[in-house]
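Here come two complexes built around subunit A, the first alongside subunit B, the second alongside subunit C.
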Partner chain A sequence: MSDKYQALFDSILEGDVAGTQAGVNQALAANEDPAEILNQGMIAAMREVGRLFEEGEYYVPEMLIAARAMQAGLAILKPHLVDSGIEPSGRVAVGTVKGDLHDIGKNLVAMMLEGAGFAIIDLGTDVSPERFVAAIQEEGVDIVALSALLTTTMPSMKVTIEAISAAGLRDNVIVLVGGAPVTQEYADQIGADGFAADASGAVTVAESLMGI
Partner chain B sequence: MTQNGPMTSRERILASIRHEEPDQIPVDLGATPNSGISAIAYFNLKQHLGMVEGHTRVYDVVQQLAQPEDEIIQHFGIDALDIGRQFNTADDDWYDVTLPTGQPVQFPEWFRPTRNDGGGWDAYAPDGTRIATMPNKIATFFDQTYFPYLDGYPADYNNLADEMPKIHWAGLAHSPWDHAAEPDFWQQLREKSLYLRQNTDKALMVVAGCNLFEWGTFLRRLDNFLTDLLLEPAEVERLLDALMEIHLTTLENVCQAVGDVVDIIRFGDDLGMDTGPFMRPATYQKLFKPRHTVLCQYVKEHSNMHTFLHSCGSIFKLLPDLIDAGFEIINPVQISSRDMVPEQLKKEFGDDITFWGGGADTRRIINHGAPAEVKNHVRQNIETFSPGGGFVFNTVHNIMPDVPPENIIAMFEAIDEYRN
Partner chain C sequence: MKIQTGPDRSDVNRLLTALNHQEPDRLPHIELWVTSQGVYEYVLERKLDYKIGDAAEGGQSITPEDDVEFAQRLGQDAVLCNFNWRPNNIFEFAGDGTRHYVDGSIKSLADLDKLDPPTPLAEQLHHLERYLTAAQGTGVGIIANLTSFFDSAMLAIGVTDSLYMFYDNRPLLEKLMDILLEHQEKVMAAVCDQFGDEIAFVMINDDIGHNAGLMVHPRMFLEMFPWRMKRLIAPAKASGKLVLMHTDGKLDNILPILYDVGIDINHPVEPESNDIFAVKQQWAGRMALIGNVHTPLLAYGTPEEIEAVVKEYCEKLAPGGGYVLGSSTSIMDGIQPENFVAMVEAVHKYGRYGE
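Our next item is the complex of A and B:
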C-alpha cells in the first residue's frame, strides 16, 4: 500500500470516523481511483483489523469502532464506486436463525464482510427459513450466512439448509455458519459450505469459497 | 478425613476455598443461578428418578431455572445452598403453569407473563414497558428487550434506581430479591440464613450481583457499551460511579444482615466471550478493576464472607487482575472457550483462586455425549482441578434443557468415584 492512503488506513485502524471521512474526501478530491481508495485504503485496513483480532491484540471494542469508521468512509465512497461500475465482491444475506435474538456476532460478521467489499443484506434476528429462502430468490445473494448463539437454536441452521434445498436453491448459494456453539464438525454434519470461528475468519472463508 | 471423622459440607467447601484438599470433592448444584439446573432438565431428571413428590419451581424466571428441592440436595449430596431458597416456601407462593414445551411447572405468584403470537411469553414492567421476551417455543429463557440508555447517557442519575427494575435481571429477580421491597426484608434475610445455619451443615451463599460491566451493557446495550469503553470513557466512569453508590448500599445491608452467618457472597460480571475477553486487559484495569477492588475490600472488611465472581467466557487473560482485585472464587470456568484449558488454569492460577465450575462441559459433552463419555470427561476434570483444593465441582454454568437425565446421573456417578 502506498503512502498516499496511510492516513486513511490509520484512521480506520484507530476507529477515527472524522479522520476516515476526511481521508476519503481528500482522496476523491485528488481524483484517486475509487476502487483503489477502497482496496488500498479501506479493505486493507479492515484486513489488518481482522489480523489484529485473531492475534489477540484487538478486541471487540476496537473492531467495532474500526468497522464503524469504515462504514462512515464507505458511505461517502459508495456513489463513486457505483459510478465507476465497481461491483461488490459478492452479495451476502446475514441473519440469526429462528428462535435466537442475539445479533452482535452476526453484526460483526456483516461489518467485516462489508469491510472486505461484500454487499450485505441484513435480515436481522429470529429469521425463519422461509425468509432466508426469499432473500435468495429475491435479492440474488451469493452467500447466506447463518448465526446462532445457543445450542438450542443451532438446529434451526439445519432446518434452514433443508428449506433452501427444498426450494431447489441449494446449488445456487454458498451457506456459511457461525456462532459460539457452532463447530466445523457441526457445519459438516448439516451440509454447510463453510464455518468460521469469528468475524475475521468469516471473511477468509467467504473469499475462499467465492474464489476471490 | 479430619480428626473427628468426615468433614461437614460447610467445612469441605471452606477448606477447598482455603486451598486445603478436603476429605472429598465439594459439589454444588443450585447455590447460584449460574451453577444450577433448568426447569425442563430438572423436571426430566425427577421423572427419570421416579421422584413423584414435590414440584418444579421456577425460582429464576429469567433463566427458567428450578430451585433444587431438599430431596435432590440430599440425593446427590450437594454441599452448598443459596439462602434465597428459604423464601417462597409456602405452597401459595406458587401457581401451576405449563411451559410452551409442555412440562408442568410452577411460577412465583408475582410472575404473570403474557402469551405472545410466537407461542412464547412477554414480560412487562408495572408501567407497561415490555422488558423481556421468550419469543417462541424454541426459546427457553427470557431475553432483554428494553434498554433505558440506548440513545445516550442521561444528564444525571437521579432516576437510575427507577430505571434498573426495567431491566429484567432486576425487575424479575429471583429470591431472595423478589422480597427486597418488604420493610423487614433484611431481618427476614438474617432469620432465614440463621435457620439454614442451625438446621443444615451446608455452606451458605448469598447471591448478590453488583455487576459493573454488565449493568453498562444492560442500560446501553452491549454493542453501544463496548464502543463507549473506547469512545466515551468519561461517561462510562460517571455511570460506574452511580452504580457503585447503589451497589455499596446493597453491600452494606448484606454484610450487616448476614455477613457473620453466610459463607460466600456471589458477585457477577460476564467479562468473557468465546474467543477472549470482551475488552483488552488495559481497559479492564482502567475502568473496572479499581471498582471491583473496592467491592471485594468492603466485603473483607465488613464480613466473614468469601468473594465469588461469576464471569462467563474466556477470561484467562483477565485472571491475574481478577485475583489481584480480591476475588477468591471464579465461576463457571468455561472450559469450552479459548485459553480456558483446565491444566493451564490449574497450573497458572490454582494456588491463587478457587475454581467453582469447570467440571463438565455443557455445550457439547454433557448434553450430546454418551454417558460413558460424560464420565470420562468428568473424571479428567476432577483429576485436573481437585489436587490441593481450590475446586468446587459444578457443570460449566446451568444444566440446560437439552441435557438428558442419564447424563446428569452419569456425571454424579463419576463424581461419586471421588467421594466416600
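Our next item is the complex of A and C:
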C-alpha cells in the first residue's frame, strides 16, 4: 500500500468515521484516482480487518466500527466511482430466509462484502424464495447469500435454492449460506456453492467462487 | 411415555454424580429448555390447556407440576425453575407467525428510567416453592436458573447497537449491566439463603460467545465480566452449590475464563464451533459439559441416525463422568417428538455404566 493512503487505512482500522471521511476527501482533493483510493486505501483496510478477525485480534465490535467507517468513506467516494465507470467486484443479494427475523449475521456479511468491493442488495429479513428469485432476475446479481439463525428456518435455505433452480436461474448465480446452526455438511446437502462460518470467511469464499 | 421406574427413574443424585466427574448408574440426560408444545404433549400423553412459549423471551413456561411429570416420564433428573429478567426486548412476528427478538429499546441513559420491572421476588420464590413441592419424592431435582447481566444488557439495548456501544457508549452498557447484576444478585442470595438445601444447583443463562469465540475482545471482556459474574454466583459458591453456565459459542477462550470465575459446568457446547470429544478430554475433572447433540439432527434426522449418534456419545463421552447428554440448544417447535424420545431412549439403552 502506498504511504499516501496510510492515514485513511489506519482510520478505517480504528473505526474512525471522521478520519475516514477526511482521508477520502483529502485524496479526492489531491486528484487521486477514485479506484485507487478504494482499492489501496479502503478495501486494503477491510482486508486487514478480516485478517485481524481471523487471527483473533479483532472481534465483532471492532469489525462493526471499521465497517461503519468504511461505509462513511464510501458514501463520499461512490459518486466519483460511478463517474469513473468503476464496477464493483460483483453484485450480491443478501437476506435472512423466510420465517427468520434475525439480521446481525446477515448485516455483518453485507458490511464485509461491501468492504471488499462488492455491491450489496440487502433484501432484509424474512425473505421469501420468490423475493430472492426476483432479485436475481431484476438486479443481475452474481451471488445470493442466505442467512438463517434458527434450526427451524434452515429448511428455508433449501426451499430457496430449489426455487432458484425451478426458475431456471441456478446456473446464473453462486449461492452462499451461513448462520449459527449451518454447517459445511448442510451446505453440501442442500446444494449451496459455498458456506462460511463468519463474515470474514464469507468474503474469502465469495472471492474464491468469483475467481477474484 | 410412562413415568420411568426402575433403573431409568429420575434421580438427581445421578445427575450430581456425573457433574462431579464421577460415574453414576447411567449417563444422565437433560434438556434445559423445551419450548415445543408438541413435545410436551407427546411425552405427557395429554393436551395442555395453556400455550407454551420461550420463558426467556417472555413466553409462558410449563407449570411446575407438568414440568416435573415431564421429567419423570423421560427419566430426566432435574428441571429448571426460571428467574428471568430480560427487560425491554422487542419482538416481532415473521410472516409465518413465529415470534422473534428483533431489538431492544434502551438506547440512552435516560431510557434506563423506562426499564421493564422484574417479576417481584416473592412471586418468583413462590414459583420455586411450587417446583420443590411438585418434585418431592419424585427424584427430580430443581435447578434455579437466573438470567444474568451481559447478554441481558445487550438484548435490552439491541444486539447490534450494543456491539457498537462497546466503543461508542460503554458507560451506558456497564450501567445497565450493574442494574441487572444488582437485582439478580439479590435473587441469587434469596434463592440460596432460603432454598439452598433444597435445590440441586444453580444455573446462569448468559450468552457471551458466538461461532468464532467471545462476543467482544478479551481485553474488554475481562474488564467487564469476571468480577461481576463472581459477585452474581457468590451466594451459590458460599452454599457449596455447583454453578452451571449456559453460553453459546466457540469455547476455546471462553472456558478458561469461566473456570477462573468459578463456573463448574458448561452448556450446550455447540457442535458448529466445538469438538465435544476434544473439549471433554481437555477439561476432564475440571468443567463438566452438557449438550452438543445437534438440533438439526433432532429436527431432520431419522430415529436411527439419532440413536447412532447417542451410542457414540455414550461410548466416548460418558466414561469418567463429567458429561450429561442433551441437545445443542433447546427442544423447539420443528423437532419431531418421536426424534426427541428416540434420543432419550437411546441414552437409556446405551448409557448404562458397567455394561
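The rule is short, and it goes like this: the second predicted complex is superposed on the first by the 212 of 212 C-alpha atoms of A that agree within 3 Å, B and C clash if a C-alpha of one lies under 4 Å from a C-alpha of the other, contacts with A are read in each partner's own complex, and residues count from 1 in each chain.
Operating definition for what follows: a contact is a pair of C-beta atoms (placed from the backbone, for glycine too) under 8 Å apart; a residue touches a chain by one contact, two chains touch by 3 or more.
The structure presented is a predicted model; accordingly, all values stated were derived computationally and were not measured.
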Task: Superposed partners subunit B and subunit C on subunit A - clash or fit - done: clash
- [ ] Counting touched residues of subunit A, say whether subunit B or subunit C comes out ahead.
- [x] C
Open item on the list: A:128 in the overlay: touching subunit B, subunit C, both, or neither? Say first, second, both or neither.
Closed with: second
- [ ] Identify the partner contact of A:154: answer first if only subunit B is touched, second if only subunit C is, both if each is, neither if none is.
- [x] second
TODO: Could you look at A:18 and tell me whether it touches subunit B, subunit C, both or neither (first, second, both, neither)?
DONE: neither
TODO: Could you say whether A:166 touches subunit B, subunit C, both of them, or neither, answering first, second, both or neither?
DONE: neither
Open item on the list: Output the subunit A positions appearing in both contact lists, the one against subunit B and the one against subunit C.
Closed with: 15, 56, 59-62, 64-65, 68, 98-99, 101, 104, 107, 126, 151-152, 180-181, 183, 197-198
Task: Residues of subunit A touching subunit C in the complex - done: 15, 53, 56, 58-62, 64-65, 68, 98-104, 107, 125-126, 128, 150-152, 154-155, 180-183, 186, 197-198
Task: Contacting residues of subunit A [partner subunit B, same complex] - done: 15, 56, 59-62, 64-65, 68, 98-99, 101, 104, 107, 126, 151-153, 156, 180-181, 183, 197-198
Task: In the complex, subunit B residues that touch subunit A - done: 133, 135-136, 138-140, 143, 222-223, 226-227, 229-231, 273-280, 283, 317, 363-364, 367, 400-402
Open item on the list: Show me the residue ranges of subunit C that touch subunit A in the complex, using the header's touch definition.
Closed with: 92, 94-96, 98, 100, 102, 159-160, 163-164, 166-168, 210-217, 220, 248, 253, 270, 272-273, 294-296, 299-300, 329, 332-335
